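For reference, the structures are reproduced in the following blocks.
Below, chain A partners chain B and then partners chain C, in two separate complexes.
Right, the complex of A and B next:
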């Protein structure tokens, strides 16, 4: 029971704490986090985009593969999907299917390039970023794709139920693939001990390419949600202008990693993304300017990293404070109780 | 030498990357006299004219580019070389260095992050430099007007931008609209044209005696407050007649941005006044709500559809061939006949927007000026390309830019 409470507390303390603080700040200001009928839909949409991006980033970064091309994959796959849906037909189902498949193929190509060339994944992903941005640019001739004339393509991005289903499916899917499958076992074995895993017969190249393909598929969904939600694809984005989306995933990824100690990191990515989306709604409710928003987001990231880097020291201070405040009652505190404090902190 | 699989993949990737980048980089904008419809003049030894661009994706930017690379290059002895999209001053400087190294004879600049550096580099290199669809600030003009290789600037000056915002509000208030939202775009980035357009909107509303913005009712005071705040604060808007029910800025598309947009639309204003890209950014969101958008953008197919279905109520837009005169002046300078004012300085001439409030007006404009049949066609421009025209004649030609002037 104690273990369950500890796990539940560790899992929920950040999202619940964030919601409570942001809700209270908005209430003090006389504002509401859910001021419009679209607020829940926006919460679901931004949570979905951030969670999927975080997963796409984390599944490669956990293996030491830094991938700058996530945004470019979302851009190129949605450009391909939208172009085919508009020019060939098939409506949103065609756009969704093609975008998802294109994302997975682009991801697999990125992985293939990495394992074949054997250059640093960071350098490889920079080249791939330019390549995918150039691909989207070439397809549209440098122009944006607007869905003004195709309202059937934007309905998905405004549908709360559809977005919630995407979140659930993605969470279950990624959890199953990476935590409950043979592929996932190999993936984790390669993270913890590459040489031993390879010696045991794990195919490291195939695993890496497949991981890139999953990452690409996830970014395909991101591209689909963004295109459908905005009603616009900025397909002329070149010169690394798509890299920015990756940085929105760092804080949720660190939060997810922290939560993962108490439950599961995939669930942590969802809760981290949800926390960031709630903070976003708070910015709007408090009518903060874009400059103030950027400043606070940067501060939160730095503060959380400082906390993670000094967690042991913070625990030590917390233990000392608790022991120091305990009233003297006879002999020294029993060692068992001290150990218990340390374990639960 | 043994060709390994690694080498083959590396070579293939390199070729693919080169082909892809070639499609989107400077060479993409290169065209020469062999284009369709080329004339004898175009087939002559072409002048290498390089173009700095900060935007390569908008419909407006694409139509400007098509006008130069398809129409102008096919009818004048000129070859255009375009830069990539230039995000900042450093990128502009790098592009200028590339242009100079590649023997460009003139630069037409659509990029404004650091014009003084561009001007200095062009002057030092001895290549002509012109500003398109923009203007130098008064201070900059005084500094650079006597540079030998500075051709001049043609485009909407700050007052033209202000007037566009003012006209937008006057259109909607004349329709009886009283509740508005504002999309401030690049106001927090201190984008001058967006600030002046927003100031024009607020000043038009402030002509009502009960209306003020932070106590300000005049252009200068409103501009001062926007510059001081770096944003527009709807809480500071006071009026017994009009309501500002929402404000949105930047193009972040994150949770906060989307929530602010939803709040603005949920408030149900009569119209959303956009300083730019209004229909592209907000069109899908307001579709079916009955809210109209006022926009300062370009005459694109998407905007036409939006005006036909009632989403777009007002558009002030640059017309496709608006950059014809600055091209003529630049080519004239390269060919030995630069236009100089009576004081011997580079020129600073203003051109404004064409405005449409109905789909019929919109269609008329598109029919009258497009890449295939521009209002600034070869017959209109040729008399001003090293043909002995005076500065006054050129200035008079540029000043007659309205739809009525050019189309009748």
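Right, the complex of A and C next:
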């Protein structure tokens, strides 16, 4: 029972705490977090986009593979899906199917390029970003794709039920693939001991390509939600202008990692994304400018990282403070080594 | 049959039905062959960026000549396009050599350029403008380094946070003018936006960087930190001070680059210089810089990469002039060439497992 309470507290303390603080701040200002009928839908859409992006980033980053191309995959896959749906027909089902398939294929291509060239994944993702942005630009000739005149294509991004279903399906799907399958076991073995896993017969290349494909599929869904929600795809985005979406995923990813200690990191990504979406509603309720929002988000990221990086040190100090001048009963753990410089980046 | 060739003896053993046990001579010969192959691979890897540069230069001359382009003007554009990236990227090599990664260099350039613009508008003094630009950039850089060093944060994520902060600062700086941009007097900017100024700034900074990186303890220590941080720590290297020094030098490069950016683009908005951050990264890698840092880091990588990227951009502009979607095709060609050069440069350093 005590263990359950500890796990439940660790899992829920951040989202519940964030909601309480943001709600209180809004109430003090005389504002409400859910002031309009669209507030819940916006919350669900932001949560879905942030959670999917966080998962797409984290599944590769956990394996030491940094991927700049997430935004470019979302852009290119939604451009392909929307172009086919508008020019060939088939309505939203065609757009969704093609966007999802294109995302997975683009992701698999990115993975294939990485395992074939055997270059740093970060460097490979730079080339892939340029490639996919260029592809989207070439398909539209640099123009935007607007489909506000097709109501069936924009309905999905504004449907609360559909967005909640997407969140649940993605969470269950990613959890099953990475935590409850043979593929997931191999994936985790490669994370914890790359050389040992490869020596033991784990097929690293196939695992990497499949992980990239899942990441691409998730970004395809992100592209679909964003395109459907706005009724517009800015396909003329080149020169790395798509990488911004990746930065929204860092804080939820660290929050997810923290929550993962108590329950599951995938659930943590959802709760981290939900917390960020609540903060976003708070920004709107408090009428903060985009500059103020950026500053607060950056501060939260740094503050949370400082907490994570110095947790052991803080516990050590706390123990010493509690013990006063009495000698500790056992050898105290030394403070963690400096990890902030050099190769730790 | 019975000479001193170890291989022959091993074959005889095999024929006799006993397991083939290579002699010392055979092992030494195989080792020598493997070492020679590795040397050739590494030499080729080192030369790949230079070969890429030469090929792009030839392609640029051929495309320009056949299209009847004014080559003098094209070369001037080339220098204008590459010099800012080269300066900032050369400074950034000090960060990357020790295995760190700074994603906020583009945003830092924008803020420093805006500060330079505001100082010029307030004082009309070129030197104060230059000083303010350098001071703003070095301060931004040192904030990242200090945060990472004092609180044990991963450098990359610290610079992600700095990216947001600097974006917000840029927005706030623009708002101080009451409009959506910071304008510097165009005639003043044109007076100093010359090749001579750019070349003087670039040569002075590059000479300083080459000296510090190749001929001082700082450069050696940074490569050691990138190659083997544990050894660096055990040899008594101050990781924090070295990182702070690296960020300060990178900040100096950003400040100089921002100064030239303000002269080149005297109307600054929050989107100015938005692609500089990533172009710096691409240029360094294109020039043969190893992203994980270490002993293979080369201070010349930014120069080779910066010129290569500018040559490629110019060549593609000439070839795809007037074509619908030409910018997209140009970017895809750029991506393919970038990946090809990086693949060649990494050819001598493959491992059994996938790189991370």
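Assume the second predicted complex is superposed on the first by the 316 of 345 C-alpha atoms of A that agree within 3 Å, B and C clash if a C-alpha of one lies under 4 Å from a C-alpha of the other, contacts with A are read in each partner's own complex, and residues count from 1 in each chain.
In this section, a residue touches a chain if its C-beta (ideal position, glycine included) is under 8 Å from a C-beta of that chain, and two chains touch if they have at least 3 such contacts.
Just so it is clear, the structure is predicted and the values come from calculations on it, not from any experiment.
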When chain B and chain C are modelled together on chain A, clash or fit: clash
So, A:123: does it touch chain B (first), chain C (second), both, or neither? second
After lining up the shared chain so the two structures overlap, which partner does A:113 touch, if you call chain B first and chain C second: first, second, both or neither? both
Please indicate which partner A:38 is in contact with in the superposed arrangement: first for chain B, second for chain C, both, or neither. first
Between chain B (first) and chain C (second), which does A:309 come into contact with in this model arrangement: first, second, both, or neither? second
Does chain B (first) or chain C (second) touch A:46, or do both, or does neither? first
Quick check for you: in the superposed arrangement, does A:230 touch first (chain B), second (chain C), both or neither? first
Name the contact category of A:144: first (chain B only), second (chain C only), both, or neither. first
Tell me which partner A:280 touches in the superposition: chain B (first), chain C (second), both or neither. first
Who does A:154 touch here: chain B (first), chain C (second), both, or neither? first
Among 55-63, 91-99, 217-225 or 379-387, which stretch of chain B shows C-alpha clashes with chain C in the combined arrangement? 91-99
Doubly contacted residues of chain A, that is, touched by chain B and again by chain C: 113, 117-118, 127, 130-131, 133-135, 137-138, 141-142, 238-239, 241, 289-291, 293
For chain A, which residues count as touching chain C in their complex? 63-65, 68, 113-115, 117-124, 126-131, 133-142, 194-195, 198, 204-205, 208, 238-241, 243, 247, 250, 254, 289-295, 297-299, 301-302, 305-306, 309-310, 336-345
In their shared complex, chain B is touched by residues of chain A numbered 35-39, 42-43, 45-46, 113, 116-118, 127, 130-131, 133-135, 137-138, 141-144, 146-149, 151, 154, 226, 229-232, 234-239, 241, 248, 276-277, 279-285, 287-291, 293
Would you pull the chain C residues touching chain A in the complex into a rising list? 98-101, 145, 147-158, 160-165, 167-169, 171-172, 175, 225-226, 229, 232-233, 239-240, 242-243, 274-275, 277-279, 281-282, 285, 291-293, 324-325, 327-332, 334-336, 338-339, 342-343, 346, 350-356
Within their complex, chain B touches chain A through residues 5-6, 9-10, 13, 16-17, 20-21, 23-24, 28, 56-59, 62, 84-85, 87, 91, 188, 230-231, 235, 249-250, 252-260, 262-263, 265-266, 279-281, 283-285, 287, 302, 305-306
